[in-house]
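Two complexes come next, and they have one chain in common, chain A, joined by chain B in the first and chain C in the second.
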Partner chain A sequence: MIPLQRWTGIALLIYLLLHIRTIHTLSEGPQAFDRALAVFRHPLFKLGEVALLATVIAHAANGLTLTLFDLGYGHRARRRIRMVAAVAGGALFLAGGVPLFLGGVMGR
Partner chain B sequence: MSTAIHWWLQRLTGALLLLLLAGHFWVEHFLTQELRRGELSYQAIAGRITHPAWQAIDIAFLIVALYHGLAGVRNIVLDYSRVGPRALRLLTWALAAVGAMWAWWGIEAFRGL
Partner chain C sequence: MQRGGGAVSYSVVLAPRMTVLDALFIVQRTIDSTLAFRCACRVGMCGTCAVRINGRPGLACRTRPSELGRPAMDVAPLAHLPVIRDLVVSMEPFFAQWKRARPRFRPKQPEAAATAAIPPDSEFGLLAAGKRDCITCGVCFAACGVRTTSGEYLGPAAVNRALLRIADPRESGGPERLAVLNEERGGVWRCHTTFDCTEMCPKGIDLTDSIARLKRGLAARGRL
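Entry: the complex of A and B
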């Protein structure tokens, strides 16, 4: 799914550029870095982290399947391969997203 | 560069990012109880980011991620619209300038650590 790859890719690039700007505050010392990080302690940002994980996993799983098809593999089993990628991606998202949600949003 | 090289570089950097991102999420979000609660701070990561080997990994990660993201934008523009060779060269340089600027900001973060 090429449109999915494009939209998740653009979202991830925007995130990357903002993320680097935050990390850059390290050059102004530990206090400036901690002040910058404090903003992201808000539960809304923690929820955003869960969404970020979902976007990364979707982009990776979709990118892997697209590459496989581009190389000429798996054309006869396209549906099944997409299904496997979706299930594996979903499982990985739950494995990472549930602890992130419980820890960051619920404070456990 | 030919389009084939761009195609392979995008896949190669994608594969590298798979490993680097998995490691990044692990060490920044899951490694300790403190991190799992999302209590990221200078204190929590100081040991890691002051280590030269980690700095090398992070800087390589930064460059690979910027390349992959900006080359991706170039691919999208090429796929969506007919771009002449001059416009394409301009776009490539503009994206390279963004990449250089952000790579510098990322690397500068380690200065003084």
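Entry: the complex of A and C
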């Protein structure tokens, strides 16, 4: 068993805390906020944005299929449903991840 | 094969329709008479011979090596249960959870003289038809990923049994079963809906459906 929902959920929680911490720097003035944002312009953080997108999509796609199954639908077609969720998630990731990678990490 | 904490290899010649259990008997009778494993009916009715075959729990008497797709197979004792010896495990943790789910029938009318009829096309009859064949083999318990991290989780078989008892119109013991099923650490909410139990069940019971039904039932009763 891969506890996908649990691990992606924890990762998103860590991101959310980091996000709140960054927004909080606004209360310390515009310079502090700019300094905080400058850190995120590093290519490593841009790569993290791609990973964040993957995490959000995985959490959402898996969560939707789990909700469907827990509501009692699609038990017999579970493999097909999971395949559809994986393909749709993969397509979404490519659509969003490629521009993020090219623009943020490669600087194009 | 996993024996005494280590891996031991045996070579046996098998006929096409032989089972893993047949292979174990050949090893025991011709190579190593000290090999310990358990079996009884040999036809998939008793659930005694459950082991892990190539990492997947299943009944040794219903699994053919010829269908595993490779000449070598790895046989190990069931996961999540203490090993007594070789392939023999103690079912105590499994039945401890089974008892917690209150599996015994507690009739509303214990003194009733007439036999209560359950028509096969009734709501309970239809539900029970797909869920009452559990042979308590422990395969779902060993397949369950939640049991890897939580020793308190009831496990799929116990939840399925509880569902059958709760859905039975003759039954009286609903509230205390629901309290056990609604436990934060041991109840149905721990299930991750990965279908491992359903996929491995040798009797084809949709155990995930049983768990999902109880989740919905508990949610509808405002027990979230």
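Everything that follows uses one rule, which is that the second predicted complex is superposed on the first by the 106 of 108 C-alpha atoms of A that agree within 3 Å, B and C clash if a C-alpha of one lies under 4 Å from a C-alpha of the other, contacts with A are read in each partner's own complex, and residues count from 1 in each chain.
Here is the rule we go by: contacts are C-beta pairs under 8 Å (C-beta built on N, C-alpha and C of every residue); 3 or more make two chains touch, one makes a residue touch a chain.
Note that the structure is predicted; figures quoted are calculated from it, not measured.
J.: Look at the residues of chain A and decide whether chain B or chain C touches more of them.
T.: B
J.: Regarding the shared-chain residue A:Gly72, is it in contact with chain B (first), chain C (second), both, or neither?
T.: A:Gly72 sits against chain C, while chain B stays out of touch.
J.: Between chain B and chain C, whom does A:His24 touch in the aligned arrangement: first, second, both, or neither?
T.: Touch partner of A:His24: chain B, not chain C.
J.: Which chain A residues are contacted by chain C in one complex and by chain B in the other?
T.: In chain A, residues 2, 6, 70 are touched by chain B and also by chain C.
J.: Name, in rising order, each residue of chain A that touches chain B in their complex.
T.: The touching residues are 2, 6, 9-10, 12-13, 16-17, 20-21, 23-27, 29-30, 33-34, 37, 40-41, 46, 49, 53, 56, 60, 63, 67, 70, 96, 99-100, 103-104, 107-108.
J.: Tell me, which parts of chain C touch chain A in their complex?
T.: Listed in rising order, the residues of chain C that touch chain A are 144-146, 148, 192-196, 198, 206, 208-209, 212-213, 215-216.
J.: Touching chain C in the complex: which residues of chain A?
T.: 1-3, 5-6, 66, 69-72, 75, 78
J.: Help me check something: in the complex, which residues belonging to chain B touch chain A?
T.: 7, 11, 14, 17-18, 21, 25, 29-30, 36-43, 46, 49, 62, 65-66, 69-70, 72-73, 76, 79, 98, 102, 105-106, 108-113
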